Amino acid sequence: MDELYRENLMDHYQHPRHHGELPDADAEAEGQNPLCGDHVVVQVRLTDGTIGEMRFTGQGCAVSQAATSMLTELVQGLTVEEAAALPSSAILDELAIPLSPMRVKCAVLGLGTLKLALHRSVGTPLPAEWGDTDEIVWG
Amino acid sequence: MAAAPTPLLDVELVRRDFPILERIIHGQPLAYLDSASTAQKPQQMLAAVTRFYSTSNANVHRGVYTLGVESTDAFEGARDAVARLLNARSRREVIFTRNTTEAINLVAKTYGLQHCGPGDIIVSTVLEHHANIVPWQVLAQATGATLRFLDCDDAGVLQLDALDGIAREGNVRIVAVTHQSNTLGVRPPLAQLVAWAHAQDAIVLLDAAQTVPNRPVDVQALGVDFLAFSGHKTLGPTGIGALWGREELLAGLEPFLTGGEMIRSVRLERTAWNTLPWKFEAGTPAFAEAVGLHAAIDYLEGVGLTAIDAHEQAITEYALARLQEVPKLRIIGPTSADLRGGVVSFVLDDVHPHDIAEILDRHAVCVRAGHHCTQPLIERLGLPATVRASFYLYTTTDEIDRLIVGLLDVRRIMGV
Amino acid sequence: MAAAPTPLLDVELVRRDFPILERIIHGQPLAYLDSASTAQKPQQMLAAVTRFYSTSNANVHRGVYTLGVESTDAFEGARDAVARLLNARSRREVIFTRNTTEAINLVAKTYGLQHCGPGDIIVSTVLEHHANIVPWQVLAQATGATLRFLDCDDAGVLQLDALDGIAREGNVRIVAVTHQSNTLGVRPPLAQLVAWAHAQDAIVLLDAAQTVPNRPVDVQALGVDFLAFSGHKTLGPTGIGALWGREELLAGLEPFLTGGEMIRSVRLERTAWNTLPWKFEAGTPAFAEAVGLHAAIDYLEGVGLTAIDAHEQAITEYALARLQEVPKLRIIGPTSADLRGGVVSFVLDDVHPHDIAEILDRHAVCVRAGHHCTQPLIERLGLPATVRASFYLYTTTDEIDRLIVGLLDVRRIMGV
Amino acid sequence: MDELYRENLMDHYQHPRHHGELPDADAEAEGQNPLCGDHVVVQVRLTDGTIGEMRFTGQGCAVSQAATSMLTELVQGLTVEEAAALPSSAILDELAIPLSPMRVKCAVLGLGTLKLALHRSVGTPLPAEWGDTDEIVWG
């Protein structure tokens, strides 16, 4: 049972890192999975083409919220290009739990929203794969 | 702990007919508590379809040869079975569709387009499944009619006090209402609504997706004008459902989809439509699925719809009682079993329903998490989503007990 | 007597997979020569559906639990299989429908309504099945567009000389044409029609109900814009078919039917549509039928569509030669097998086709008699009806021989 | 095999009785089975409330044409009411061959058309059962 919701995941869920609003963010986007109601708002401060800080707010299942919390640590200091190119596997590895396709959508919600924010602010490409995450509404 | 209900049908005997119930998931036998979404299938239904394909398969209404006659008889025999099940006045009143959704669309795009105009009113309710909301939104947009929704209270009980005001606003043409909410299990006061609608010269479409499967439904006694249901929730195959409609109404409608089967004669310049019910069935129908639905109906009638209803009632009472033992769990909707069918929505503290459903799955307990295709209702209740457990003739108290065990595990894992 | 064709697929091996071929009718084994109407089913397809219902059945796109994941994977896997079969650019271009008829209606009622107006022209042909005529008649009537039919010659060969005149009449919006006539087996000159249509900025809808079952069909190579086919003619179950459409076109369309599944979010005031392909699939889809269609496609690809095509070609050649041995029998359409698929219409003196089909049934030979849902074509050819024999991967020369024996008996009984 | 198309049936098909037009008919109707193209035109001369003569023209399968031919003999001299009340079984017994439901429509085409003609001319009822013979077009 416990392989499902590991300590690390529950820790991030119950104590999300970099949670809250980021005043004067350089990039921002919103993502929502209408199927289950998961919702995140991602904000990023850029420092010389790198991710100075990423913060998020939102609500939803443990997977979506913990994954976004983990992401805030994962991208810290990456260049904008590196962050924009981060594969889904990066966040799935971090979660380290078996996920059904339905839950993968929860897991990548934060990452997708981050990429959208970067795309809008500095024009990094939106990887083609996001086109297939059709049930997520990017706002 | 609540007392187990007295047996009303032999649920262990019934369960032997459902091969999927032998499935083991994560080391435990399946506890399928999502029948409001789709029902599991008895082997008798599966065997009937395989037997049909293996002995009599041919296109219907066409072949002069033996197989074609057998297959047409089987298909039209299924229509007779549906007509009997619903106590329709005539088999001509039964139109096969893919599902409830297509049946409602059919009415919106034929009766609706022919009878609604600017200033007219269509009434629906906040309890409805999306299938009984969106087609009316589209119809209202296309015709300039106004769509009004009856509200419910916080327990999901439909409120009728807005009716008077609605009647003053314009000509009410259509009242589209569910027989039972698929999210809360509540049943709207149908008799009152029908009386009010008919007093306005409006017709009533009843979404019976949640009731045809599990209790006697008599269209003449209900006094409605159209009724829709899905085969897949009724122990039958996917890909088939039915619209029942009063013959006088159906006879006056233009066709829905067009092509083969629904025509009497085709010329390049003009085409003459077939008579009822075929006028509304374009192209090769889902005839093997009709055979499956017929077998499903035979199965339901063999067990007895009254017994099934009583069993569901008893299981629901048991589930309501046991769920109330779980700390921090809140049941959404009425907690008395006689106001509702075998569907129970709940939330558990602030744990997201998806997490609950996922953890329950590790116990092989299948419940649904989300809005259950009733977003307006979920929003009206001020919730992001609910967990929903729903029951059917094969549901046991043991499965409910396992749901409870799973929920306690959710509390442990999620720390609430 | 013509020489038997050299074997291209092992038809005896194939036949063992089709349980219905063991059926005895009037004391003789079934000779099913009506596959253009609907195909018989391999046990692999039947087993796949039963296995699915017995192990993984749950509603799709909804459940977080294991069964729901399996069932969604199975359903969407079927979509992938169809996309591969047709060489679609993307799985988003594949929309499940009930049958070819619904697929064509979908295009007429979305693309058609959005793009046709008074003075615009829709082109169809006199060869078409009613499914590719009536929806365009209805569309023309609804929009004020003009419907023009290309004529054929007495052998059923489509004539293109009217095209220039049609182009001068107005803006051609849609060209709806069959890939192969279900009555005569002739194939229209598709490449020329596509080139002409695209030169007019019109789109081409291809009715591939008669070709997807029995030869490789590549939407990109054909250059068409929409394509429709039926599962039940493709060894699959009834109740499922598919529309393929170019993504750019589909993306620009309003939905067809509305309800669950096809929405992104529903509010009482407004609703947002889902993305492709789900935008066009309202309500619980025929997911078990999709699983069956997937198994049917696997079966076809296992045997090989090129081999099936060659087998049909050889059987058709054999049938054409043998039918020409029957005195007073007249084949309708081309008598050279390379211009046509495995469908042969004929008449026998002035014996009514119904009498022929009935007498053949006593020989357990199943053929169709009538207009085959192509009344305009039958009328164009100056006939009241025809007898039609059609072939598939399981058809043997022995069955053709029995058709001939039966026809000689018709001559004896009817005294011609 | 031969139980299907008996001598009597084939005789009526090949030598239809009372075939041709009836000048100055008192009652007339047309029936068609669009599924197979069977077609009959029925004309009747009435004599003191009885069927003086019934004639028909048409084309179609052996069953439809032979049955209509047999009918012309069967109704000769019946009162209008008797003819209008003739059950389908009367004609099916006359044909005396096993018929599938599809072919029953062929067999009763002539009888239905006769009843329609009488209904129009003298107002005899159209038995409810005809309402179910939905694939036949009465003209």
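Letters A, B, C and D mark the chains as written, and numbering starts fresh at 1 in each.
Simple rule for what comes next: a residue touches a chain if its C-beta (ideal position, glycine included) is under 8 Å from a C-beta of that chain, and two chains touch if they have at least 3 such contacts.
Since the model is a prediction, treat every value here as computed from it, not as a measurement.
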item	value
Geometric centre distance via CA averages, chain C-chain B, whole Å	32
Euclidean distance of C-alpha centroids - chain C vs chain D, Å	38
Chain B and chain D, separation of their C-alpha mean positions in angstrom	46
Where chain D touches two or more other chains at once, by residue number	35-36, 103
Of all residues in chain B, the ones touching two or more other chains	62-64, 66, 68, 265, 354, 358, 369-370
Chain-level touch network, classified as line, ring, star, complete or other	other
Pairs of chains, among all present, that meet the touch criterion	A-B, A-C, B-C, B-D, C-D
List of chain C residues in touch with chain B within their complex	19-20, 23, 25-26, 30, 32, 34, 37-38, 40-41, 43, 46, 49-50, 53-59, 62-68, 98-102, 104-105, 126, 129-135, 137-138, 149, 230, 232, 237-240, 255, 257-261, 263, 265-268, 270-271, 282-289, 354, 357-358, 360-361, 364-370, 373, 375-376, 379
In the complex, chain B residues that touch chain A	352-355, 358-359, 362, 369-371, 384-385, 409, 413-415
Chain D-facing residues of chain B, complex	61-64, 66, 68-69, 72-73, 92, 264-265, 272, 274-276, 278
Chain B partner contacts - residues on chain A that touch it in the complex	1-2, 4-5, 10, 14, 35-38, 59-63, 103, 106
Chain D - residues contacting chain B, complex	34-36, 100-103, 134-135, 137
